[in-house]
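In the two complexes that follow, chain A is the common piece, with chain B as its partner first and chain C second.
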Partner chain A sequence: MSAPERLSPFGPEAKPGRHGAAGGTPVSITERRVDIVQVTAGREAEAPFADIVKDATGLSLPPAHQAAFSGEAMVVWVQPSGWLMIKPRGDEGALAKALAGVAGDAVAVVDQSHGKAVLRLSGARARDVLAKGCRVDLHPRAFLTGSAATTTVDHITITVVQVDAIPTYDLILPANFAEAFLEWLLMSAAEFGCEVRPPT
Partner chain B sequence: MSQPHRLAVGGRIDRSRSLPFRFDNRAFAGHPGDTLASALLANGVRLVGRSFKYHRPRGIFTAGPEEPSALVELRTGARQEPNTRVTTAELFDGLEAMSQHRWPSLAFDVSAVTSLVSRFLGAGFYYKTFMWPPSFWEKVYEPLIRRAAGLGRVAAAPDPDAYEAMHAHCDVLVVGTGAAGLAAARAAGSAGARVILAEQDFELGGGLLSEPAHESWRQSMIAALTAMPEVRLLPRTTVFGFYEHDVLGAVERVADHLPTPSDHGVRQRVWTIRARQTVLATGATERPIAFPDNDRPGVMLTSAAMTYARRFGVRAGERAVVFANNDTAYDAAFALHDAGVIVAAIIDVRKATPRADGAYARNIAVRLGSEVIGVRGGRQVSAVAIRARNGGAERVIDADLLCVSGGWNPAVHLQSHTRAKLAWDKKIAAFVPGSPAQAERSAGAALGIFGIARSAASGTRAGIEAAAAVGFRQASAFDLPAPGGDDDPRVEAFWQVKAQGKAFVDLQNDVTADDIRLAHREGYVHVEHAKRYTTHGMATDQGKTSGMLGVAVLADARGESIEKVGVPTYRPYVTPVTWGAFAGRDVGHHLQPIRRTPLHHWHVRNHGIFLETGLWMRPLYYSATRETGWEPILREARAVRQAVGICDVSTLGKIDVQGRDVGIFLDRLYTNTFSTLAVGKARYGLMLREDGIVFDDGTTSRIAEHRHLMTTTTAKAAEVLAHMEFYHQTVWPELDVRFCAVTDQWAQMSVAGPKTRLALQGCVEGLDLSNEAFPFMGVGDGTVAGCPVRIYRVSFSGEMAYEVATPAGYGERVWEAILEAGKPHGILPYGLEALGLLRIEKGHVAGPELNGQTTARDLGFDKMIKKKGDFIGRVSADRPRLLDPDRPRLVGIRAVDPSFERRLRGGAHMVEKAASTNSLGWVTSITRSVELERWLGLAMIRRGPERIGQRLFAAYPLKNEVVEVEVTSPHHVDPENLRVRA
Partner chain C sequence: MHRIDCPWCGVRDEAEFGYRGDATVRRPAADGDADAFYAFVYDRTNPKGWHVEWWQHVAGCRQWLKVVRHTVTHEIRTVAKAGDDVRAPSP
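Let's turn to the complex of A and B:
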């Protein structure tokens, strides 16, 4: 079913533009408009489900605290036997429906496309921006491309996924806190300067 | 603007640039590299403050963060900051400082007359004097004491600067950048460890900054550390606390040395450092000796006088006397001599020292076996009285500077925070770090080691060991400073000169040796008791310089060793940290994040008046004119009772529950049965806590054979999910159930009122909403305005109602489509207040009734307790006290008088007679009723259901209100529940 355009959870004030200090090497912040499905497998269902995902997406289910990428698609481990499957936005409910169709009863498939929001934070100072609220050690020796961690930042539970070595992070947020988190992020990035890019 | 006490050459200041500043509205100038203290001394300013209790004149006592006396108010206006130590305040262009704690002026302070009566102001004076009558405390004594005592004043205006938090991790944290700290950091860094090196000063080097001979080594070390990519240098950063699990706190003074922070920069940031290993290279603090008038401006620690000469190029006085019990004072005396200070004499309590020859060679007189027994001069030292320790006549030596050295205390504070026990080192008469309680080790002077070369070697060892302990074993060698000869301080334990007069053992809190002795006589013999009774060591400096003197006096009074007496436990913070730094960004509305429903901005645009409920912002009611009072609430509620209303209920907790055993799981979770629920139906459920008290309620719908959608109350959403996870993971792991919080996925709106069906039929497609096809408690899917919706026929208002849920991104579109379709039927959006009004009229329970004390029976839910099968809380719910028929139980109450003039209040006591004080229970929820046109509410009343029909009184003694009410069923509206099925 093709539904109307969705309203962004980041609110009407989240417009592209430059924030904070001028000059320097600013970080960039981009809303990623994606579909997100949370899948939770029963213990005995995990192995067959991994095969299903591999066949359907070419992705291997990542182990604990890891993410796997394939083009613009991403699978993020979020809890034992639980992952977020993230793909560029398609038809309403289609990703969940497709996964539910192949996953079988032993895997819970829950559409979170509206319940979660994703911000991409990128730039040489991205690590320092996050360090103002994130207790997880994001140093390259401890947290690499493909690392994922669920933690609290500014009292908000978020999942941090490192996407590349720039570093670039995808921050997966509860939608109801998206606006509050963006406010925190802009404040924390202000000293380095920050470019809010159009959603992708 | 000359600086009469500035040396022509030497020191680490930049004489080519002048920095103007003001102290007590007088203009001065210093140089880059100065502290406020060194600049004041260079300008000949000796008197900088008045003491806490006796208002005695005080000067600059130290050259570092341990300063007890020279505290000032820094900056002006909203940035004014009290109790700033002049010895750590970095001078900047335009700095303004005011002395504090004096009136009307620093030189002439009226309260100084307290000095004249000071013998009546001994230890425990406040406890003894201001006790009676008790009623005087709040009105008379406390304001009086607060005006007379206290330190500086805080700014009245909000701080314009920003503060922030920072989290850091490292393999090795090194605290302090003296010879030991630099060496430790380099050793650990060279092995490949991630190192953080924190220094409270604005320059790295610690004691090396006063050692020109080692300057090239210092520079080469800093250059090497700067070149290491995994070493982070943090100057102007005080590590203030060492906490559990090797977490340390530090405050970085990012912009304290600037008039204002940089654009988008912060003033200070608080670091939370998670260190795998810590090296404490915090140095040592010189301690004074207690003798009469040892607090006069011009009395200074010997090492401080040396620091002013060597680091800042300042003569702290023109003619000095040095009073010491150890050899380190001789090096300092020689440095003063080299800087052009006339060293009139070294008064040494010891009988002999090999260093005396060095003094004689410089024509400095040494008086061995002697002691200082007094100081001449009020606002400034003018002469020093001495005598031989074995008796003999008093002699007076003219001097404007009296340098004191009573030995050195390793700075063990951080180690003590970890609860490591201190050890007594007899050789240096000081406490040194004991066995570690956490992953730390001390190095250099902090370990009781003297001399640059030995400290550097100690630091190197500590750095190698710390790095190796976390797997970095390949440290590279580097040059260490050449051994400097005789480093033995030869300390003779000597703490107090027993002579007539005030001999201070705590300069900041004005505690004297006599106060300690008095405390001992009055029974405060334990060091912690004596501390609290006298306030010794309790000031912002935590007794860093003279704390040991008080301990020694107490030990002397007890006739025991200092080792036995011990020191009071050191606690964070090592030096004071401003509240602003801790608050960081969590100020104003940033205290906690705002949680917004998907319809938030519709409410904002349409005049929603908001209320914070937990983190949520919810519209209380809507009013373009921002009315107050009941009118808008009654308007919205009437719309629901008479036509149709729509309310944002997205905040309800929503949990997707899937698996083959969901039915079994829910049967154990709820008091009632869910396994029999048909697909496409919703059921109201009640959960108990393990102890039998009601936990939460809500409707749960069966979406598919193995899939349910549970709703919880707004407040308990997270708790319920945690409760479910806990039972699944620990009690019933065999059940095939999986949970997923989906609160944020859905925008949900309750559409309620007799015309609801008409309104919804105008916009819902793909779902037959007729009563036959979609009865009460039905669940079905359809679309509204092209958006998918799931509709639940449930009601919280007592009216015919449908809850419409749509994926959050479509919330506004669906909401507006329903409003449009409802327009011909008189639809109004309604807020939290009308929601509450309607549910109270209907007698539905909410937070005030589900208050953590009520049982299912108390609330009239007996029928919801299934007859067979176990569920959480079942056994405990049958405890005798919970079955007591005398317990308060839920009923309705209605004001007898329909005029609205005498209002009901939540929390009022229910009594039988207007004047009775025998409470039968309490009012939980109240409202004005639109249906019955009077005040009504819900109440918990003993044997409540048995009293239905009786008249009681709701008494609210705080406001002298008594309202006569009739006890009724809780269901004030439609008790037969016909409307919801219409």
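Let's turn to the complex of A and C:
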């Protein structure tokens, strides 16, 4: 018997369609269905683990406040010696298992695929939408493609990653606050108009 | 609102941090007597002036930080990593 299909943590609000003001330059919001694994390396384990990740994914572990990308895969710095590894959804637990298999005992590997959710916010006004609730300076002089920061938006702790210069942001948030956060995001985006796209 | 210069994340709003108490208190040795442990848990100097405090960047990098803060003016003079040796300036 196969496992039941996983429900979206974003709830009914995530139904694809147009929200807010008509016309203008709408932003787009897309749920990214991904596997997320948090890895935390012991101090001496960081250098060998960086080599392992490089071999396995071709990605270098990014330095503080940075994310590294390779196609649809992403590694995000979240704390000293701590990263989130993100890949398109595969077999249940496979990414964590693969990492745990090569990481060694001094690296903690925790599967967060059910614990966290990812929204992609994109569009010319995406910065304005996010800035209404974000305490981190998102101006291009301070926050660029590849920048990552963990902060609070609407009292919810989220990690903001800038993916490109449109700008596009990936917002990594606790899955149990996903619906509440999406409500805030739709309200914030209402003045520009907003297109909720089918999950990818 | 304090602005705390996290050594890992840069200047952030106080709302991202949690206050975690007096950073000058030292845990007694495991064979310490009851009075020593009572003092460790309850006795605080509560200074009017410079104070070395634990703050945790809860909604950020989650690291514990040592913050030197003036309890009257709220001026923050130093924000250091947990392992750093930080002393309060003389009043």
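Note that in this section the second predicted complex is superposed on the first by the 195 of 200 C-alpha atoms of A that agree within 3 Å, B and C clash if a C-alpha of one lies under 4 Å from a C-alpha of the other, contacts with A are read in each partner's own complex, and residues count from 1 in each chain.
As a working rule, a residue touches a chain if its C-beta (ideal position, glycine included) is under 8 Å from a C-beta of that chain, and two chains touch if they have at least 3 such contacts.
This is a predicted model, so every value here is computed, not measured.
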If you stack the two complexes on chain A, which partner ends up touching A:Arg18: first (chain B), second (chain C), both, or neither? neither
Is A:Ala149 touching the first partner chain B, the second partner chain C, both, or neither of them? second
With the two complexes superposed on chain A, say which partner A:Gln38 touches: chain B (first), chain C (second), both, or neither. first
Dominant toucher of chain A (residue count), chain B or chain C: B
Contacts of A:Val78 with chain B and chain C, given as first, second, both or neither: second
Considering only the touch criterion stated at the top, classify A:Ala64 as touching first (chain B), second (chain C), both, or neither. second
Contacts of A:Arg197 with chain B and chain C, given as first, second, both or neither: neither
Would you sort A:Lys54 into first (chain B), second (chain C), both or neither based on which partner it touches? neither
Residues on chain A in contact with chain B in one complex and with chain C in the other? 135
Could you pull out which chain A residues touch chain C in their complex? 64-65, 78-80, 135-136, 149-152, 157
Chain C residues within the chain A interface of the complex: 8-9, 12-13, 15-16, 58-63
Residue ranges of chain A in contact with chain B within the complex: 1, 3-4, 6-9, 11-12, 20-21, 38, 40, 42, 92-93, 105-106, 108, 110-116, 131-135, 137, 139, 141-142, 154-156, 174-177, 179-181, 183-184, 187-188, 190-191, 193
Parts of chain B lying in touch with chain A, wherever the complex brings them together: 164-169, 194, 262-266, 272, 274, 585, 590, 592-598, 600-601, 615, 656, 658-660, 706-707, 736, 738-740, 742-746, 783, 785-788, 807-813
